[in-house]
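What follows is a pair of complexes built around subunit A, which joins subunit B in one and subunit C in the other.
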Partner chain A sequence: MQRERIKFLIFAVLVFSAPLLFNGGYLMNVFVFVGIHTMLAIALNLLLGYAGQISLGHAGFFGLGAYASGILTATFGWNPWLAMPVSALAVAALAYLIGFPILKLKGHYLAMATLGMGIIIYIVFNETIDYTGGPSGLSGIPNMSLGGVSFDSDIKNYYLIWTCTLLTVLLSLNLADSRIGRALRAVHDSEVAARVMGVNARLLKVQIFALSAVICSLAGSLYAHTMTFLAPSSFGFNFSVELLTMVVIGGLGSIYGSFLGAALLTLLPEFLRAAHDYDIVIYGGLLMVMTIFMPGGLVRGIPALVRALTSGKRGGGNA
Partner chain B sequence: MQFDQLLQYAVSGLSTGAIYALIGIGFSIIYNATGIINFAQGEFVMLGGLFTLTFLDLLKLPVWAAVPCAVAASTLAGLVFERLAIRPLRQPTPINLVIITIGGSILIRGLAMLFWGKDTHSIPSFSGDDPIAIGGATILPQHLWILGITMVIVAANRFYFYHTISGKAMRACSYNPRAAGLVGIDVRRMVLFSFVISSAMGAVAGIIVAPLTMTAYDVGIMLGLKGFCAAIIGGMSSGIATVVGGLILGVLESLGAGLVSSGYKDAIAFIILLLLLFLRPQGLFGKRESERV
Partner chain C sequence: MLRLKNINTSYGKVHALKNVSLHLEQGEIVTLIGANGAGKTTILNTISGVTPASSGDILFNKQPVQSLPPDRIVKLGISQVPEGRQVFKPLSVEDNLQMGAYLRYRSREARADIHKDMENVFALFPRLEERRSQLAGTMSGGEQQMLAIGRALMAKPKLLLLDEPSMGLAPLVVQEIFRVLDQLRRDNGTTILLVEQNAKAALKLADRGYVLETGKVILEGAAAELMENAEVKRAYLGKDKKEIWER
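For the complex of A and B:
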């Protein structure tokens, strides 16, 4: 527990001091997205890594949060600080409602059902042109502001979003270490066994699904107020797969792994400009290679690799 | 609403439905042999259409030669996919299988994008575009090709599974892989076979539909999902139930697009899919009535 706290503190200090090194550069803008993607990857990881339930529709919840905040503030003139929790509550209610029937399904069927859900949400974004602007997008979303300070620059957004991301990390670490976290892992390993031990597996799965959706919705609201413009293409199936790739690369069930995966996949296209057209080839290849060769993700795979290499050099293999 | 118009929607719905049926049967064959839902199934549909384009345009082959070549090329891709993605998997848990087939699917889609570009391509019809009038509706010769080829394939499929040793062996694997192994069936080979057959069927579906709908590197995902929906309606049977499922879906979609709103056309399939998964995951016809091959 003490070690976890120290790890988190180091992480937080690094996050808050990063702008001292990179301020001014366009990298700050990229880092803002790393923060949003980290929240989303953690949300999916809570569901996939801890409870063992896959979702291929999480881009939909992200989009719902973004559009709800965007429409409430841009069209109806709400205060962003009010729109954000209202959107999150609405998404929570929806996820709760969908959660009960959808989480009865397992494995492949759950994957297909969540995929279908995500695509339906995406179609709604495209078709409800009166509200969302359809494929041409929704513009004029205000920046957030607090006590007269408007979050209108990369550096201000960086601190706003990373504060939320760190809170998400903290919440998830605590959750993983709590009774709920243990119950989730029990459900992951064997739902029947968990039930026998007195875990209300069905309710628990729905609750974690709803929590995961809420985090996505909050990330969506932050995204909307940072970008001030939304288009449906950001919330399609490809983005759900991108989130899945982040979680798998980092490591299922590892919170810092989700950060690592999100950071890698967000920074990669920035450093490899040429990689822009190849992005789905790269995601596809990464998903396959990681699943075959490093099913534990980078956070477990790299230390294991290092151990294997160093013990190999000693020639003993007695590690 | 005129009767002619309804008939027109029904006819075009039936031919799209036949395509969904072929793709759905491909899903079912792999699912029954291995328990895997192959998320890359739609990509073989896309490959079928685009390979035909290449053989027609680049190599200047006539249609009757280009189509078998395209099926062969897509089938080869299916075989390679099984070898490189499914077989090396050390922990074949459902989640890993979902992740790896999705990875394979977007990898194939991405490679297709690099190879064929992002444009939409058209393929000439097999035998002209002169419409044929039936009652008040008109159909294209390509519609007849689709329905005819689907019927032939479904019949061939049935023959394979019930009257050949290899087909019976595959059915044995679907009932109990371990027992099948004990009586001398090479289960891994049957798994490979199931991928070969279903990628070939997917490719055929992609080829026969391409002259009507055009094709592009990203058509696989929607066609694949609708094929899956057909298979779910049919209770994952690789026989007639999935064909009926595909036809129902095709007609509903066509009617929905014509009578309600074309923008929500794609949503219809997914709403049906979700409702069925929630209410009748065993398929519309129940487990007993549908044959599981």
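For the complex of A and C:
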């Protein structure tokens, strides 16, 4: 427990001092997205890595939070601090409603159903032009502000978003280490055994689905107020798959793994710009190599790699 | 303590239990024996609420429980050790035991109590204490069975449902597990409903037994009587085979 706290503190200090390195440059902007993506990856990881329930529609919840916040503030003039929790509550209610029937399904069937859910939400964004602006997007969303300070620059957004991300990390670490976290992993391993232990598996799955959706919705609200412009293409099927990739590459069932996955998949395309037309080929190749050689994800693969390298330097053999 | 009256349970079109009636008194060990597919596991799953009965009554301490979900039934004091152990493989031994006490986390006192019960399980199965932080999936079959029983005990059950605890285990381990069951009855007065393929060991331990065939109770009686019953001997104990088919 003590070690977990120290780990989190180090992580928080690193996150908060990182902007000193960026010097206000372009990387700062990228790291704002790393923060949002970390929240989303953690949300999906709670569902997939802990409870073992797949979702291929999580970009939909992200989009719902973004559009709900965007429309409430830009069109109806709400305060962003009010729009954010109201959107999250609405998404929670929707997730409950969808969750009960959908989470009866397992494996491939659940994947199909959530995929359908994501696509339906995406179509709604595209077609309800009166509200969302359709394919041409929704603009004029205000930045968030607190006590007269408007979060209108990269550095301010960085601190706003990473504060929320760190809260998500803290909440998730605590949840994972609790009785509920154990129950989630138990349901993942054997639903029947979990049920005879007294776990109401069906309700628990719906609850974690809703919690996951709420985190996505909050990340969506933050995204909307950071970007001040929304278009449906950010919330399509591709992005759901990208989230899934972040979780798997980072490490299933690891909160810090979700951060690593989100960081890698957000930064990689930026660095690969140098390779011009070949960037997508290298990107895909790297992901394949990593899944083959680090099946447990970055969070388990990197320490193993370090161990292998350091023992190699000591003379090749291992004791 | 537990009474099943005319229970019928079906899996889709398969009628698995046909008018099964049985009863257990406080502090008894009762065994269900029968061939594969006789409905032994279904009886346990019906009692624990995993596969609810389509008709009939189940009374636990005079309270009807046949339509309650599994979590409510655990709360009333019925705990099941499922078939094939089903320990939570990616969880440590300690986490598995804590899962058994899932419904008991309510207060600080409860936590202290749970801790004490965990020590009791370790006293019962010292092997588990040595491996308290090991992942359950990496342990041997016998150790997993001990863990599955320990986990069920963590719910502080009044009635323990055991599904084939000897399955796939070495004779020595089976002996140890049966010794613990006997100890549980003596020291805690735990009532046990035991499903077994190993009819000999089960009848030796039990007070009474029921013999099942294709979803029906065909025989019931004191364990000692059943052990002497010619039909039981032939079909489940592998004795006196000759006398029967020479008859």
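The criterion applied here is as follows: the second predicted complex is superposed on the first by the 282 of 319 C-alpha atoms of A that agree within 3 Å, B and C clash if a C-alpha of one lies under 4 Å from a C-alpha of the other, contacts with A are read in each partner's own complex, and residues count from 1 in each chain.
What we mean here is this: a contact is a pair of C-beta atoms (placed from the backbone, for glycine too) under 8 Å apart; a residue touches a chain by one contact, two chains touch by 3 or more.
Because the structure is predicted, anything quoted here is derived from the model rather than measured.
S.K.: Touch test for A:Ala113: subunit B only (first), subunit C only (second), both, or neither?
M.R.: In the superposition, A:Ala113 touches subunit B alone.
S.K.: If you count the residues of subunit A that each partner touches, which comes out higher, subunit B or subunit C?
M.R.: Comparing subunit B with subunit C, the partner touching more subunit A residues is B.
S.K.: Kindly classify A:Ala186 by the partners it touches after superposition: subunit B alone (first), subunit C alone (second), both, or neither?
M.R.: second
S.K.: Considering only touches as defined above, state whether A:Gly147 meets subunit B (first), subunit C (second), both or neither.
M.R.: neither
S.K.: Is A:Ile280 touching the first partner subunit B, the second partner subunit C, both, or neither of them?
M.R.: The first partner, subunit B, only.
S.K.: Contacts for A:Gly77 in the overlay, against subunit B (first) and subunit C (second): which applies, first, second, both or neither?
M.R.: Neither subunit B nor subunit C is touched by A:Gly77.
S.K.: Between subunit B and subunit C, whom does A:Gly52 touch in the aligned arrangement: first, second, both, or neither?
M.R.: Touch partner of A:Gly52: subunit B, not subunit C.
S.K.: For A:Pro101, decide between first (touching subunit B), second (touching subunit C), both and neither.
M.R.: First partner only, subunit B.
S.K.: Can you check the complex and tell me which residues of subunit C touch subunit A?
M.R.: Residue positions touching the partner: 48, 50, 69-71, 74-75, 79-80, 82, 86-91, 95, 98-100, 102-103, 105, 151, 155.
S.K.: Over in the complex, which subunit B residues touch subunit A? Could you list them?
M.R.: Against subunit A, subunit B makes touches at 31, 36-37, 39, 84-85, 88-91, 94-100, 102-111, 113-114, 221, 225, 228, 232, 261, 263-264, 266-267, 270-271, 273-274, 277-278, 281.
S.K.: Okay, in this complex, where on subunit A does subunit B touch?
M.R.: 48, 52, 54, 56, 101-102, 104-109, 111-113, 115-117, 119-120, 123-124, 126-127, 237-238, 241, 244-245, 248, 277-288, 291-292, 295
S.K.: In the complex of these two chains, what residues of subunit A are touching subunit C?
M.R.: Residue list for subunit A touching subunit C: 179, 182-183, 185-186, 188-190, 192-200.
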